[in-house]
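Shared between the two complexes below is chain A, which pairs with chain B and chain C, respectively.
Presenting the complex of A and B:
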């Protein structure tokens, strides 16, 4: 997936209006965590567990969790 | 046979009860408890292996299992026709088949709403329609139960689709009860609170932290429920003891909605 497309998806989930960067902090709530898990499942066919997501702070952390080779 | 006497008005002795979603959770428990109360049960689910496991726990030789996805609506009349040909009368129907999706509304898409309504609502009403046809209905009367949820009367973040599907059941049941009363068919909902030890609860807990589980549990004055609590309500609504009850919604929620 193109990074730009991924960033747009994250902006929708977290309702971020500003441009997103890899250093952007993601403020996870219980619901946004579920939304994120569903998004990753649908777009990357990967089942991420809540415990894994809870360690995520930034967009970069999330990309590492998904696997950076999944991004163009 | 459980403690309820066969001759009691609460007995299901000799009744034939059709149960969807019977392979697990509340549906499975309804199958076991109705059977323990004297009923022959006809179990419907997509999952053959799980159905066989439930069937192995039943008493008697008049129970039946059918592997069927209830959202394949065109298959439902042949299903009922086949069941009716074998057992001649259907005294009760419990629509337990159901799915739950927890997502913020921004992440829901139309397909997820459609999936929720297909299983939770439309499949049940389609079966009720078929079972109420003169050629299948029991002229002595029958009882239909739809497993709704306490979430049909209260809300919670992330449950717009699920809550609306269960609310649709409550609303539909009132009309259905009025429409089918002349055919001696009673129609009711049961709205359980959070029931643990089911696949749905296990899936929900997978996405919950321990803190969130405890927070949720604290909202239940009597704690989380067990499937048998709901099954007991079904036995009552299927039995002759509830013969004057139709169009109602029996809330079994450990006090969750009392606040």
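Presenting the complex of A and C:
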């Protein structure tokens, strides 16, 4: 997936108006976590455990979890 | 198919929750979970009381003296003992030469009840089974836990399962994985961990308060479990019954919350026109959501005689199950 597309997806999920960077902090709530789980399930083959998702702080953390080779 | 239900009088609506929890965005929450109000049992009203009322409603159209078995699904019994189903037999004035027992399941309970009812009938043990699902999760939820108070409502449904040449209950697909026990649980109050009046409150990142005497649900973990199991459950149920998706007239899933159920619909590829989604006025009533939805579908002619309906329940345990019924 293109990084730009991924960032747009994250902006929707986390309701962020500004442009994202890899260092941007992601605020996980119950609802945003649900939306993120659905997004990852829909767009990536890698199965990520919920406990791992709850440990992320930034966009970069999430990308590492998904696997950086999944991004162009 | 004879189904009826009962919802308690007290209403908890989104406006009330918004007043009680400043910052709780009623519109946004409704958009996500699809619930605008829930019915809440009275202080002295139990799941057994709801079961009695739902059963009384269904007996308006059925001779109760013909009932020869009661199956009562609840996780909110009046007592550790005796069995609520036995008390229900007496309160309903049913015959004494009948069988009755409770079973403890949540969101999958209606499917398991149908499976047992079918077994009783096919095995020649009973002819007319009263299957009741009754739940009052509100009594398990901490008053300051806005997340769970937003989702769950109380209610009961009653259905008569009888021998029929027309209506059919086809083959079941069932599943269990107790490794998920900690993701939807009331830790204290049973015999493993007794109710502890000194239990310390736990605050989560969203400002919900609860403690181990109350219900805990890890929503993301439950969602993850459904994503993994429910699509497979549906395909195995179809396969077991030699049916294709297109042969199913309607799909009724456990009404957990709008976001989760909608996502499952999309992932499985069920068209909107064949899928029921309505928990706006009831919330998630646990084991009662599927029969409540079936009754509403029948009343609104979304389901009609001759239709094949795939019903699926999934949740606490973890426990899941599905079956195709011919109406």
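As a working rule, the second predicted complex is superposed on the first by the 72 of 72 C-alpha atoms of A that agree within 3 Å, B and C clash if a C-alpha of one lies under 4 Å from a C-alpha of the other, contacts with A are read in each partner's own complex, and residues count from 1 in each chain.
Definition applied: a residue touches a chain if its C-beta (ideal position, glycine included) is under 8 Å from a C-beta of that chain, and two chains touch if they have at least 3 such contacts.
Keep in mind the model is a prediction, meaning the values are calculated, not measured.
Chemist: Could you classify chain B and chain C on chain A, in the superposed arrangement, as clash or fit?
Modeler: When both complexes are placed onto chain A, chain B and chain C end up clashing with one another.
Chemist: Thinking of the overlay built on chain A, is A:30 touched by chain B (first), by chain C (second), by both, or by neither?
Modeler: Both partners, chain B and chain C.
Chemist: Is A:13 in contact with chain B, with chain C, with both, or with neither (first, second, both, neither)?
Modeler: first
Chemist: Regarding the shared-chain residue A:41, is it in contact with chain B (first), chain C (second), both, or neither?
Modeler: Touch status of A:41: second partner only.
Chemist: Does chain B (first) or chain C (second) touch A:54, or do both, or does neither?
Modeler: Once the two structures are laid over each other on A, A:54 reaches both partners.
Chemist: Of the listed stretches 19-27, 91-99 or 199-207, mark the one in chain C with C-alpha atoms clashing against chain B.
Modeler: It is 91-99.
Chemist: Does any part of chain A touch chain B in one structure and chain C in the other, and if so which residues?
Modeler: Residues common to the chain A contacts of chain C and of chain B are 30-31, 33-35, 37-38, 49-50, 54, listed in rising order.
Chemist: For a test of understanding, state which residues of chain A touch chain B in their complex under the given definition.
Modeler: Touch list, chain A to chain B: 12-13, 15, 30-35, 37-39, 49-50, 54.
Chemist: Which of the residues in chain C end up touching chain A in this complex?
Modeler: 32, 147, 205-206, 218-221, 223-224, 227, 259-260, 263, 267
Chemist: Could you list, by residue number, the parts of chain A that touch chain C in their complex?
Modeler: 28-31, 33-35, 37-38, 41-42, 49-50, 53-54
Chemist: Which residues of chain B touch chain A in their complex?
Modeler: Per the stated touch rule, the residues are 102-104, 106-107, 157-158, 206-209, 212.
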